[in-house]
Amino acid sequence: MQFFSDNAAAVHPRVWDAMRAADAPDAGYDGDALSRRMDEAFSVLFGTECTALWVATGTAANCLALAAMVPPHGGVVCHREAHVEMDEGGAPGFYTHGAKLMLAEGEGAKLTPESIRAVIDPIRNDVHQVQPHAITITQATEYGRVYSPDEVARIGSLAQGRGLGLHMDGARFANAVAHLGCHPAEVSAEAGVDVLTFGCVKNGGMNAEALVFFDMVLADVVRYRRKRAGHLQSKGRYLAAQVLAMIEDGLWLENARAANAAAQEIAAACKDRLFHPVEANEVFVVLSPVEQATLRAQGFDFYDWTAPAGAPGAVRLVTAWNSDPADVAALARAIAAL
Amino acid sequence: MQFFSDNAAAVHPRVWDAMRAADAPDAGYDGDALSRRMDEAFSVLFGTECTALWVATGTAANCLALAAMVPPHGGVVCHREAHVEMDEGGAPGFYTHGAKLMLAEGEGAKLTPESIRAVIDPIRNDVHQVQPHAITITQATEYGRVYSPDEVARIGSLAQGRGLGLHMDGARFANAVAHLGCHPAEVSAEAGVDVLTFGCVKNGGMNAEALVFFDMVLADVVRYRRKRAGHLQSKGRYLAAQVLAMIEDGLWLENARAANAAAQEIAAACKDRLFHPVEANEVFVVLSPVEQATLRAQGFDFYDWTAPAGAPGAVRLVTAWNSDPADVAALARAIAAL
Amino acid sequence: MQFFSDNAAAVHPRVWDAMRAADAPDAGYDGDALSRRMDEAFSVLFGTECTALWVATGTAANCLALAAMVPPHGGVVCHREAHVEMDEGGAPGFYTHGAKLMLAEGEGAKLTPESIRAVIDPIRNDVHQVQPHAITITQATEYGRVYSPDEVARIGSLAQGRGLGLHMDGARFANAVAHLGCHPAEVSAEAGVDVLTFGCVKNGGMNAEALVFFDMVLADVVRYRRKRAGHLQSKGRYLAAQVLAMIEDGLWLENARAANAAAQEIAAACKDRLFHPVEANEVFVVLSPVEQATLRAQGFDFYDWTAPAGAPGAVRLVTAWNSDPADVAALARAIAAL
Amino acid sequence: MQFFSDNAAAVHPRVWDAMRAADAPDAGYDGDALSRRMDEAFSVLFGTECTALWVATGTAANCLALAAMVPPHGGVVCHREAHVEMDEGGAPGFYTHGAKLMLAEGEGAKLTPESIRAVIDPIRNDVHQVQPHAITITQATEYGRVYSPDEVARIGSLAQGRGLGLHMDGARFANAVAHLGCHPAEVSAEAGVDVLTFGCVKNGGMNAEALVFFDMVLADVVRYRRKRAGHLQSKGRYLAAQVLAMIEDGLWLENARAANAAAQEIAAACKDRLFHPVEANEVFVVLSPVEQATLRAQGFDFYDWTAPAGAPGAVRLVTAWNSDPADVAALARAIAAL
């Protein structure tokens, strides 16, 4: 009974079906009918004209986006615990040719206009200091926290006022929208986001994310950069098929709702142990080493996590689109019984 | 009836089966059982210990290999018409951080020790000139030409003597080995190749190539660089599954033989029109514009190609693992009837 | 009696004087009075508004210019024998983050619109091929050949028509202008050049070249890139002093004329041995090994050079602003006497 | 009466003399007699065999050193307030091709083994996180603080134990050694430093620093990288002359002692206002805005500085090799009189 991560879960049957249906011959790279359908499909989904490109991983998607917004001599503001800073093996440095990640604070790995200004305001506008060119935020964050439309809009407004690009790492964008119950554009295009990494892999896809450009000029650069990064697959139709399967019939929200609901069920069983509010599909729980061992002995798998100050220990539990309801219920009971 | 390229052909059923079988939960990235089986599977295939990593595209595989062998201030000798020079959108410059491709000549896009020396011997060993650090050759070449074991060995010997790494772009390695009828190690490990891009995508795979390191030290760097390039997929088991399906039961040679045989059937119908010997699955044919139109009118699709001097026109015909025998026969007849 | 190169000649007394005069305290970097005078001084010299930055070397100046005009995924057309391709140790790859040098032909290392088109016209406008973004030409060329105003203008017109930037490597710009007897703007700003590397070091300076931007937007990027490359010296006033000493009282032309005259004197002594017309301060002479030895035995030093086809040998003779008239006369006599 | 910085001070007469003496013709680049004398001169100075290269700026010297020790996918531990992080315009990202600066804490901008371990110990040894490859420390620090031989040795020992390179940014190395009164090797070669940026510019030079390699293998890479960065000046003898003038007759220590003494004189006048101990040539003084204005009204120039918590304001006063004793005394009196 695995609660390690959503990033290695099985592929959803409807995604499989779409991939199989793509087996017919078609043009290579992104010249096929499915790839060519992506712009329109995302424009419908977001209710605004946009350009969408498939990319195999979130790391590549995030970094292609940043590289399109930031020159090599510039900087990107991100949270100190953002995926781009912590877990992408230096990919931002590679893709941007050495631009600087500028680390900002914020509760639950969420940036605020204030925490961003605390980083950029002290920067002298001279050539000795790296100048900021963009901001990247994560929706939902690495702690499963969700930005409201208003919170994004305030950051979008700051970005616009300072001439900075705004990227959203939406590896769990679906979980965030499912939690908010809002229109996806409310926390993206309408809030000032220029480029969105629209995650599919953690949500039932196999190996396709979508880069959605509300600032469509950026897409023209990224097309070249995607190829240059070895990310233009020759059988791209199998990636487009995954993405379209996810968005054209609402599967992205279905799957996210299932994962979120499972997280809520677990959270409900350990309210006083939570050290982050549960808004998406991640549950951060204070558990002593003995308690952890007890759960593991019952067959539950999960990662240790850094405990909050004063706590005896902690774990991270992640649910997925296909978390088995029986497993989830069993875990909830087991935690409650500790 | 498409003879455009092998790079967008359908996925082989046994590859599909292997991918479906990988749907069970397992560890993320390359920690799963399939990914961990790759080293051994390739060591068996090549009869020598090696390390193998999956990568989604040939461009990424080639460039990760080059970047591991060449410092940013160094150079790589390649053929003037090599894929890395012509068709990878500058990916070598990206991955190597600006190392230089040093362009050498050779009939049929094949390098020779002589053509390599013609490039590197005039380079003064001083800091004003970029120094060569590696050689990359393509097997089979962009013109469907195949290096014999001896030809590779002579280049391998030169590389070793000069302290240069040797990379082989084997996007169509299977076709080359099928043509030669030799052991795969004879044209790779035993001939001095340090790293091989072992192609699967053009040969019935979906989106997984293998980087095979006979110089295993290089793999340690590439593991970090693959992640840094956004090429470490979290559901890597679906890529490992493709690669293993290709090599563990001989599918790679079966498919390549089928493609090669189809190419031979076409070639036999137009011997006096060929401007490259047909050794793999590509057939380069002199056809006048009128003749091309005649074939297209019959439903055959293919790319125009640069005609040899004095010829009225030319096309490239590429067969694939799944070229329909009826289509192939029809094409052969149609060309013969011109 | 050295005729190796102009690049290691002594520093002109007026340059020394200007440097000494800069010893008074002033603001650091380029905030001092001399550095701040450069824009105006060059605007006067060229008769058009421009921005000028000092840079310690021609390699850095050239590459900063290229990097401002070409994105990392783009390309720059240059002559196959241009300094950026042959002698800068891969600096263009470093500064441009891996952009591609696209090698064109041309007699005497001079590009022509035709030779440029031969390189760029076959490039498909797709993401698989690197797209050209700029052209760089050398005035005078590596063979001491000079572009006329009309020749530059034709290239400038091509560049403008294709949306390409145009850079001029003017390491020996002074020699070219001295030869042409034209206004410096005629072969630069007025002919479509966007950025000029205005050479001083080979012409009596110590270690300061000027980057002159006729497209002043590019300078804004280069200011940051110059610092990022470690080329913003804290005592920049000593570089500005050199540059201003060179241009404010016509020293650049005086020195260039002296060097050119010395070259003409030598050339006149060996007209039938020349394999490049002598237009600047370089003389390429067919000399057999025995003849070379004869001259060296008389105390003349120079570099061997690649002989033209059929010739028994060749050398390059370079004069400088301070070539001793007696030495020059002696060399002319010695060659004539062979 | 300027106390802004030492980085724009005049050039010492003996440095001028050495430069003038270099005016005789010699080989270009670093083939001249002076450049070739540097290895031996530094080997004598440090009492151990080393290799030394001139570089025009500290930024370039630091970053060339880091790039030789750290692969693009690696990281370098530095202090949060180190020059490489704060004031080099992103040069480390450029030179290292995107390696990561890992920011550590420490009083007075000094790292300690403990503060370094606090950064590197939490890093998981997997490909998702950037791995440290080197440490860089500044001697004296950005706050004029000096590492004792033992303090450096403890960091050197940690570096060696973890397989990390150790670089020392010695822009004010002379001031540190003058303060310590030790042999220069005690805080460098003998303490585990692999490469030292030996500063001259702030200490009476014009535009030459020396990179001193105690790990001489690194120099072989840097020779190529220096050229590739456009830092191999053709008249390199004028840089070598500066460096040799500084070290061959003890000028480096004379100048540093003068600057340090001036700083001590000022410090003595405001002991209770200091917020960093004065060990080199920088004096950080708490001064209210009114007090600052009072001093400026008397003709003293200096930079504002971030005040320590609770203080009404602060300034940085920097002395140089040529600080006028009368000015220094006047400033000391003026502060004392506040």
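Letters A, B, C and D mark the chains as written, and numbering starts fresh at 1 in each.
FYI, a contact is a pair of C-beta atoms (placed from the backbone, for glycine too) under 8 Å apart; a residue touches a chain by one contact, two chains touch by 3 or more.
Keep in mind it's a predicted model, so treat the numbers as computed, not measured.
Taking A-D and C-D together, the chain pair joined by more C-beta contacts is C-D.
Averaging Cα atoms per chain gives one point for each, and the point farthest from that of subunit B is the centre of D.
Over half of the residue-numbered contact pairs of B-C are shared by just one pair in A-D, B-D or A-B, which is A-D. One inter-chain figure worth recording: subunit A and subunit C are separated by 50 Å, centre to centre, where each centre is the mean of the chain's CA atoms.
In this assembly, the C-alpha centroid of subunit A lies 42 Å from the C-alpha centroid of subunit D.
Per-chain CA centroids place subunit C at a distance of 34 Å from subunit D. Residue positions 72-73, 88-90, 93-94, 97, 127-128, 224, 227-228, 232 of subunit A each touch two or more of the other chains. Those residues of subunit D that touch subunit A in the complex are listed here as 72-75, 86-90, 92-94, 96-100, 127-130.
Residues of subunit C that touch subunit A in their complex: 71-73, 97, 127-128, 131, 221, 223-228, 232.
If you check the complex, the residues on subunit D that touch subunit C are 2, 4-5, 7-11, 16, 20, 23-29, 32, 55-61, 63-64, 88-91, 93-95, 201-202, 206-207, 224, 227-235, 237-239.
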